[in-house]
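What follows is subunit A paired twice: with subunit B in the first complex and subunit C in the second.
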Partner chain A sequence: MAHFEKANSVYEWLDQRLAVSKLTKVLMTEYWIPKNINFLWAMGVVLMTMFTILLISGIFLLMYYKPDTKLAFDSVNYTIMQEVWFGWLWRHMHGVAASVVFLVIYIHMFTGIYYGSYKRGREMIWISGMLLFVTFSAEAFSGYMLPWGQMSYWAAQVITNLFGGIPFIGDELVIWIRGNFYVADATLTRFFMLHVLLLPLVIMGIIGLHFYSLRIPHVNNQEGEEIDFDAEAEKYKAGRKAESKVIPFWPVFLSKDLFVLGVFMIFYFYLVFYHYNFAMDPINFDPANPMKTPPHIYPEWYFLWSYEVLRGFFFDVGPLSAMDIGLAAFGIANVIFFLMPWLDKSPVVAPAHKRGAFKIWFWVLVVDMIVLTIWGKLPPTGANAWIGFFASVTFLILLLVALPMITKKEAQRAGGAA
Partner chain B sequence: MRELKILAVVVFFTLVTYWGVEPFAHSQMHAHHEPATFKYEDLQPLAKQGNPQKGAEVFMNAGCTGCHSVKSQNIPAPMDPVTASASYGVNPPDLSDAGALYDEKFLAAVIKNPAHAMKLEHKFNENRPFPMPNFYGVGGDIEQEVADIVAYLKSIAPKKVEPKEAFVNACGRCHDMKYDNWYVIGEKPKMDTELEKAEFNKKHAEYQANLKKYLGTNPPDLSMYIRSRGHEYIRDFIEDPQKILHGTAMPRVGLTEESTHQVITYMENVGDRKKDKRNSLGPLVILYFVIFALLAYAWKKQMWRDLH
Partner chain C sequence: MADQKRRDFLGMVFGGFAAAGGVAALYAMKRTWDPLPSVMAAGFTTVDLSPMKPGEFRTVTWRGKPIFILKKDNTKLKKCDDADVKVGEGDYLVRIGLCTHLGCIPAWEGDKQIFKCACHGGEFDACGTNTFGPPPRPLDIPPFKIEGTKLVLGEEGPEYKKLVGKA
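And then the complex of A and B:
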């Protein structure tokens, strides 16, 4: 057993037992972040804050929510929204945060793609981030079912039905997921379990992994410059702060993040109080009714691009049915971003505006995904169906063909120059 | 400045996406309709000047009180709601407030030919007559008689109808409003015994069954309609349901613009009960984060001063 001296203060007492000062150094004051960054580097902290808001508001909602098809709608719209003190505020905060968190996730993701922050040792950061994207998606989908409104029910019906397209086991799988032959009470209770227990646990675990994955390769910077973090940290500690290329996580990096966070929170609470319909679809204020299909069924905005890839293939090709092609494309769309570090064949880590063809590729991708998002909500008729089809094909070509080709050329040029 | 340029790009793409999935997509999904004017232009204006005293007589002679109560004039309902619904499909309205709630052109038209005024001719015809018979006069000039009845109804109506009153009269005999304890058979009383509760539920179920036979479906509970449909939709729908939901069993009820506003106010009081609280708390929370952001900016400036 270690030898313990008598402690002179509570801090010292804790330090002896938990190495508090060492821990603070490792996690905060001597955790080094590049100085050459812009506000996009604050998205991680913004996301962490949004997740915290979701967690806390969720705990409050959980105290009154009833996961039962007969009670769910009223427990949300009457008990929580009308009877519970500030229940309406927690619900609005939860609903709006669930939507806005995806806006920030997308900004965070595209920042990573733009600056090439998924390669040269940063692959695990990217992959753990993508895992978070997928688990957040599952969390959002399961949560959307809980108020048991019309869109809760019909989105659940449509999306669980997709699993029926999987060869051989499809039909049984759908029943297994639903716990019934159709979306019913058993479905609601199991999605409730996923939403409030299993998925949050998994998310918290992956957040830990995501943070940890940053330790060795460190955070990227605006120019993709390779930094000798140890040497730069020595300069900073020696007081040559202006010369050093790094800053400590606390307080310097976070001081900037808190400002960005403050501005973001103004925007967020504006939405919570005055502009919430985009996140809390009016149709979902009609109670679920299995006998009455709404004229338009659509997922929340953040799922629209992949939903459109699913719908985009609307005609049969030879022996392949439209449904199967769409489902395959949808499957690819949902995992393809995991492969970014390998689809990009170039070792160059630099912002897109310094990478020639990659820059064009990046902006085409952004525009294509916005087109997919918008057309994912429009009724898929006439010209809309074709726009959706071409945008879906473009998406697949961009990632599966264009990206490897462009970056291979870039790699050859870089190799030639070296 | 580079940061602002990046922000501009982020904001631009966010707004384009928002515009596409919200205003644009919704404009594509929902057929456009003209906003309500409450002019009821398809109906004839009153041809004659009405006389309330004469109207009272005509009202009695024409047999209106055989089905309708006028509680303000101490004329009781001949049947309880459930029995009435068994006879007519729906409980006929009390007419105390009718003169204030409904447009006078509509009142005249509905007296003469209810199915036509309510735009329900696709459901009711000679083979299946509307429960309220057309008025063919009590012997005199029918236009004059109709004008007199309308004048009478207006003379007994209050100046102003409260929001809940407007809803109960115009909507509440077909639609529940359970978040405000209103049911098609009336306000749900405080009940102590299981037996009372069971009896209330039985009456409600009987009424709903009659209503379903009459309309083909049970009209929805409207508790959350202010959130699911919004002001404009409800306003335009009330003015002319057929315009928005062609073939619906819901009648045009002929509310004036003002009483429609009262109905919507009531729906908002029930379905969006916390609106005032939300609007008063919003600025404070936002102000808090404005101050937070300013302080954070000052702190950031100080922290980064030595770094460049």
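And then the complex of A and C:
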């Protein structure tokens, strides 16, 4: 047992037992962030705030939601929306946050790609971030099922059916996932469990990993400069703050971060109060009907690009059926970003505008994903089907062929210059 | 060294028990996710086809799935000996009404004589054959048995076996 002396204050009492001052230093006042960053570096804190909002609004929705195919629709559209005081607020906050959280995730991701923040020791930051993207996607999908409207139902039908494409065990796997031959009560209750318990727990665990993965390689900066964090921290602590290249996370970095967060929250609450409808598909206000597919179904905007890759391949090629090619492409699209640190063969860590061909590659990728997103919502007929096809092929070529080629050349040049 | 062996043995016994318990727990978890016996117990749906008129299209429910029935005799609808079901004098198309791509319900467009799936644009003709888009195979045939003018869905009769080439 350690030796304890009489404490002179509550703080000192806590400090003796929990090392509060040490903890504050490690996590906040002596956790160093580079100075040379811009507002795009604020997205992490924005995401953390959105997750907190989702958690809190979700807790209140959970008080009245009923996970039963007979009760779910009314518990959301009648009880929560019309009877519960401020029920509409929690629902709109939850729905809008679920949508904009993906906007911020994409900005966060593409900031990482633009500045090369996924390599030279930062691979685990990138991978844990991609794991968060995948678990957030599962969380969004399972949550979308809960209001048990027509879109909920048919999205569940289509997405669970995707597993039918897995060779040999596909058909039985689909029944196993659903707990029935079709999307039914058993499906709703198990996805409810995933949405409110298992996936949030997993997400919180991975958020911990994501933060921890930053400790050793540290946050990247606008120039990709390698900073000696220990030396720069010493300068800062010695009072040479202007000369030092770093600032403490708290209070310096967060004070700027909170400004960006404030601007974002104005945008968010503007959507919650005045434009919540964009996150509420009108088709989902019809109760689920297993006997009637809505005339045109599509996922929420943040899944449209991968959905378009799935359906972009609409004709058979030799022995390969259109469905299998689409599924394979969809599978690749969903995991390919995990491999960014290895598809990029160049050791250069610099912003895209200083990387020549990589800059062009980056913007072509952004445009291609926007095209996929727009065409993902259009009916897949005539010219639309072909645009979807070419955009899907472009996406695969960009990541599997163009990126390794461009970065290999860059690596050779960098090697020659050194 | 004797001590070390004793430790290895204890470690292996502990690990073995933990692994066996882990496998047992995984099995229980897998079974908990399985469809319940009440769900698995085959549901049978009996449909009387005699009141159907030529060209009539019906959808009945079997195990939560829509079953398409299209009466084709005395119409201009395309007939196909290897795909149609003959019940009495009648000639019917009997299929599970789920697109073989991702399970949306295609709509029967009588004027064009096609089943059109709204989800990804797949099309099937009046014989249930996939003619356009991503569906990898024709509409599936549900197991059925013929009893007079009635169709019993869920049971494999000789006509069903013949149709799917099992006989």
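Note that in this section the second predicted complex is superposed on the first by the 418 of 418 C-alpha atoms of A that agree within 3 Å, B and C clash if a C-alpha of one lies under 4 Å from a C-alpha of the other, contacts with A are read in each partner's own complex, and residues count from 1 in each chain.
Operating definition for what follows: a contact is a pair of C-beta atoms (placed from the backbone, for glycine too) under 8 Å apart; a residue touches a chain by one contact, two chains touch by 3 or more.
What you are looking at is a predicted structure, and each value in this text was computed from that prediction instead of being measured.
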Superposition on subunit A - do subunit B and subunit C clash or fit: fit
First (subunit B), second (subunit C), both or neither touched by A:161: second
Partner chain(s) touched by A:205 [first = subunit B, second = subunit C, both, neither]: neither
Partner chain(s) touched by A:296 [first = subunit B, second = subunit C, both, neither]: both
Contacts of A:269 with subunit B and subunit C, given as first, second, both or neither: first
Which of subunit B and subunit C A:77 touches, first, second, both or neither: first
Contacts of A:323 with subunit B and subunit C, given as first, second, both or neither: second
Touching partner for A:379 - first (subunit B), second (subunit C), both, neither: both
Which of subunit B and subunit C A:415 touches, first, second, both or neither: neither
After the two structures are overlaid on chain A, angle v-u-w for subunit B, subunit A, subunit C in degrees (C-alpha centres, nearest 10): 60
Nearest Cα pair across subunit B and subunit C, whole Å: 11
Overlap of the subunit B and subunit C footprints on subunit A, listed as residue numbers: 295-296, 379
Residue ranges of subunit B touching subunit A (in the complex, touch as defined): 2-3, 6-7, 10, 13-14, 16-18, 20-22, 24-25, 28-29, 179, 220, 223-225, 227-230, 271, 273-274, 277-279, 281-282, 285-286, 289-290, 292-297, 299-300, 302-304, 306-308
Subunit C - residues contacting subunit A, complex: 33-36, 39, 59, 61, 63-66, 100-107, 117-121, 133-136
Residues of subunit A that touch subunit C when the two form their complex: 154, 157-158, 161-162, 164, 175-182, 184, 186, 190, 290-297, 311, 313-314, 321-324, 326, 379-381, 385
Residue numbers on subunit A that touch subunit B, as the complex places them: 35, 38-40, 77-78, 81-82, 88-89, 92, 103, 107, 241-242, 247, 251-252, 255-256, 258-259, 261-263, 265-266, 269-270, 272-274, 277-278, 282-287, 295-296, 301, 304, 366, 370, 373-374, 377-379
